[in-house]
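Each of the two complexes below includes chain A, the first together with chain B, the second together with chain C.
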Partner chain A sequence: MNKSSIAFGYRSRTVRNRLFSGRASVRLLTVSAVLFLVAVGLAAVALTHGDYPLTLQQVFATLFGGERGFEWTIVAGWRLPIAIAAVVFGALLGIGGAIFQSLTRNPLGAPDVIGFDAGAYTAVVVTILVIDTRSYWYMASAALIGGMGTAFVVYVLSYRRGIQGFRMIIVGIGVAAMLASVNTYLVSRAELDDALSVGYWGAGSIARVTWAPMIPALVIAAAIVVSAVLLAPAMRRLELGDDAAVTLGTRPGAARLGLIVTGVATVAVVTAAAGPISFIALAAPQVARRLTRSPGVSLLASAAMGAALLSGAHLLSLLIAQAYRPVPVGLITVCLGGGYLIWLLIRETQQRYGLAR
Partner chain B sequence: MSPTERTKGEMTDSSGKADPAGGRPRVVVEDATIGYDKRTISDRLSVAIPDGSFTAIIGPNGCGKSTLLRALARVLTPSTGAVLLDGKEISSYKSKEVARRLGLLPQSSLAPDGIRVADLVARGRAPYQNLIHQWRPSDEDAVAAALAATRLTELSGRLVDELSGGQRQRVWVAMLLAQDTPIMLLDEPTTFLDIAHQYELMELFRTFHDEGKTIVCVLHDLNQAARYADHLIVMRDGRIITTGTPHDVITADLVEDVFGLRALVAPDPVTGTPSVIPLDPRTATVRPVEPHDADPNHVSPLPRRQESTR
Partner chain C sequence: MPPTSPPQPLVKGAPVAVPSLYGRRAAGLLVILAALGITGLLSVSFGANPLPPVRAWEVLWSRDGSEASHIVWTVRMPRTLLGVLVGAAFGVSGALLQALTRNPLADTEILGVNAGAGFAVTIGVGFFGLTSIHGYLWFAFVGGAAAMVLVYLIGSAGRAAASPAVLVLAGVALTVMLNGFSTFLTLIDEETFRALRSWKIGAIAGIGLDETVAVLPFLLLGLLIAVLLAGPLNSIALGDDLAASLGTKVGRTRVLGILAVTLLAGGATALTGGIGFVGLMVPHIVRWFTGPDQRWIILYSALAAPALVLAADVIGRVIVRPGEIEVGIVTAVVGAPVLIALVRRRTASGL
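The block that comes next holds the complex of A and B.
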């Protein structure tokens, strides 16, 4: 019945009924579903690891058994928010990366590369050191303001009769470097205790996430996902260039503003709860794109990939903690992502300047 | 009423608001000042696009042709005056509403990495889609029809990056066609194409026109404009010099006046429409031989440089 008369060049499924009609690539859906399952699986395995090792059966028995004992406190009270954070924050970072890579039309245009992470982090550090608060709402608001402020500065500095992706990235890298030195300065002037906690937090760790910040974070995350779904069609049209986007019924200014706010919000939520976690936003959309062979970056696949990557990094950090000593998850993503960034930079310069391989 | 008469009536009446219903063209520019940021390209421009016409906008580089077209497509907003669509200011419509009536083929568009032909053409359906209805049967039919009309059905599964320049431009035209608008705005659609692909594309636009669409096309090639358009808008320095049918508008005086080029205007031997043949500046004193009154003993009807030394 729904046999498509058009050869799209890949397998796709069309769903049509009274309430809904849509078409999607089978490969995109399959890859995204598998990645989400992998993310949840890795997070579940992570529940068993820690100073008090449990088996997977014990974890499930504790979670669904109804007993509220010591193991319940460990699993549901301490480890579960961290495992959820790994999946949800990973997905958020994937969405943020996809949004900015789409806006800049460049695989380097991730919020962590162009300074939005650093801006959010600076604002949070200032909040901790000056206002002396650890309230999640304060930190999240500060992160959002810092991220938006940085986005505004980068946008204005790179505006020359319109925004060109590559210029925005170069300006953003410069702004990120300046903010990094501000962060270092702030930490160096702080009290020892503050400096230690800010420093550890600055490495990007989800290991100390508790339910208190997770609940508001989940609420904001839900809002971000809704906003991303609503803005996704406009994002697709902006990829064709502003003129084409206008002619297809988009208001580029409004759509771009909405996308920037949503993208910065992903960074702000994560930074406020866990500190800056780099390279997930950079790598997830591109790795997902290669797996799904989707045109441009896909929000769904990027979110799934981000979740899988961060859950994987989280589990890895727990394994390292068991074998050696605790390592913040941000350090792992930086190490893995750094290699990826070097490869990406080499490839980009080769393509841009036509250097022979 | 011929398109020319209607436009001339409209031009003189551009300030009047009381227009008889139905008598006014769908696309009207009233007293609009158009430009980029601080640079004004056109000051207080008024023009109307005759309904159902194949209008070509011609003029030298930088004369404001594309700027006018971009204002018609609401990519640019006039700082004073207005662009009216069906009697209402174009910016007062919902964005998608305009997108169902009028479509633009921009001078350059960007294809996302790794996109395939049918997917890109399907993006032309955006004005008809929403969150819950993303792929109705009407979308599928429109895309299939657009692919067939542009002879891309065979290529529909190919990557856009792998296509030739001519094929790629056909993909963008197919996207515009899938948008299914009664008014099509084309910004230099044939630039960068070889001559065969240029005429292939112009023929395609002619079939769209024959099917009842209003076409507005910025063109560089005067001969193409005269051959395909039934209404010309001639611009220079941001102003409209004249409008009318190719036969009335394209004269040697106008070409010299607008483009600063001395040329012979002769009927195109194939279509009979005016065609512009630049004079050789070194032999311009010699009266060129016009094709129709050429001496039958002459092998070539065109003037030769050696003839000047005779």
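The block that comes next holds the complex of A and C.
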């Protein structure tokens, strides 16, 4: 590691060796590290909450003490997969959001706003209610196919001499509205028990995640992270425009396809395991961008921010459950994220058209 | 009030356009009335026990105590009447919203007014244990008005009017947020979930005539205000400043417009749980016949929207017999492509 002799306008660290060469802003690295630590810390605190309250010391003693008792079952068997899900799914959603916001060049271009969530959700509802299976692989492939199919439809419908951000978003809203009414129809025709469970799942809940679906989800998550790391430089270059990207040695078509597949896969993995968790993908990249003061959305910082946000929402849902009733974490992210989106719109309007009278 | 005489051509040299506009309006009125009559007749004929339309027509005029007469008068007439009423309410409130916000993509469902009313009703049912529409109707009004004002504030946060896309996004954000809260309330209480499960998707079946009658005065008042506002809305279409210099009271028109939309959409949502996209589609279709004059748009919307709702209802009854698909689901499946088509047009104005 040595200091660069060029002034980039921000403090940065450069790594150059035979395998890898790159430069990263110190602030971005610091913020990401801090956010990841916050996410893990919140997840650890979440381990102590539940019907059987524990202290942090007890949790650590159980996890690392080697004793396989009742508390081990609770902490390692039940609560740990949920806490890991909060961190990992949050990070995945952050990555997915960053990819789509970069591709659509629009801070609103998150997969949930564009309607991929609705497609994945419809596919899973059909799988549960019609085929009557809860197997993880069925649900994951259904979510992937549904998400991809919706992505394709939205892309084709909004294509008119190129893709324009707002048009794509509104087309996504229209497609999502159709799918949502199909979902409502299916749920309203189901047995009350099935409907309640689909309804709970449909609100986006990680509270029922167990190790069985978590292990395949973690494997896919690792693959997604690897492909995101590999595609990150291409994403940076695509942000310069296709022509500039070509001159820099990127094939725009292939890179964009890879990015879309990676982005949809993040949503599909999360939706299959936990239902649609909205607005993390929307908010994480933008909040992270403001914190890191980076010029564009950054995959690393978005992942860290997503993890911190979902862990925080998870802890909040546990606290509400203690005080009142269990709440799906997706409802918390919807309520916070909807408010965030409204604030973002007001701000954008004010910036574009001057301040309010 | 503006005079009821037709608008005079401003340009002396273009008198040819006027007769053709009259022709189109007359033809449009005939088409719409025919559609309304046909869908109304189909609506009393079709169902779990289909009657030939001729028989339904006979029974309508002579209530003879037969089984057919019983079905038509106790089940299908109230339902058809309700469809006509809520159709007119959603259609006119859509036309009003499009004129007020000068946004061709406006609809009570898209801008979150229905979600606001629905959320308030969920609170009324869940927290206050209200079961009769006389109680939660007022919740629907308050919720709808609050959502309407909120979206309006977002839209007017900047100096100029917000772009249609921004307003739509704000409405969608508000809708998902409110629906999130509503879902939360229904999930934590199974009783509320059961009470509201079919209400939330926009059904016009199984709603008693007494409930319709309870809401009727509010819907009529809303329609009356809408008709009275048509003239001022025409001048608002020219821009606030020009409208003010023409003698239109812009602030009063907006407040009354919000009031009318609240009465129409809130009342109709309290009855049906919200039927989306009717208010989006109908004014656009109606404009083919009427041109940009709000007086005609509102009048024609009030007649065309019921035909659309009844058609959607009949389709929902026919395609999955003996089951039914709720009107709200059919209109969403039909209406969402209209939204997509509108946004695909090069200039999404059309106003």
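Basically, the second predicted complex is superposed on the first by the 341 of 357 C-alpha atoms of A that agree within 3 Å, B and C clash if a C-alpha of one lies under 4 Å from a C-alpha of the other, contacts with A are read in each partner's own complex, and residues count from 1 in each chain.
FYI, contacts are C-beta pairs under 8 Å (C-beta built on N, C-alpha and C of every residue); 3 or more make two chains touch, one makes a residue touch a chain.
The structure presented is a predicted model; accordingly, all values stated were derived computationally and were not measured.
The superposed arrangement places chain B and chain C next to each other on chain A without a clash. For the combined model, the angle formed at the CA centre of chain A by lines to the CA centres of chain B and chain C equals 90 degrees after rounding to the nearest 10.
In the superposed model, A:P233 makes contact with chain B only, not with chain C.
Number of chain A residues touched is higher for C, counting chain B against chain C. By the touch criterion stated above, A:L108 is placed in contact with chain C alone, chain B being left untouched.
In the superposition on chain A, A:R16 contacts chain B only, with no contact to chain C. When both complexes are overlaid on chain A, the residue A:L248 reaches chain B alone and has no touch with chain C. Of all C-alpha pairs spanning chain B and chain C in the superposed arrangement, the closest lie 19 Å apart.
In the complex of the two chains, the chain A residues touching chain B come out as 4-10, 14, 16, 19-23, 105, 161, 229-230, 233, 236-237, 239-244, 246-251, 289, 293-296.
Only residues 36-37, 70, 73-75, 95-100, 102-104, 106-120, 123-124, 126-127, 129, 131-137, 140, 143-144, 147, 153, 156-159, 176, 179, 185 of chain B touch chain A when the two sit together in their complex. Within the complex formed with chain C, the chain A residues making contact are 108, 113, 157-158, 160, 166-167, 169-171, 173-175, 177-178, 180-182, 184-185, 187-189, 192, 195-196, 199-200, 203, 278, 324-328, 330-331, 334-335, 337-339, 341-342, 345-346, 348-350, 352-357. Here chain C touches chain A in the complex through residues 105, 110, 154-160, 162-163, 165-166, 168-170, 172-174, 176-177, 179-181, 183-184, 186-188, 190, 193-194, 197-198, 200-201, 276-277, 323, 325-326, 328-329, 332-333, 335-337, 339-340, 343-344, going by the rule given at the top.
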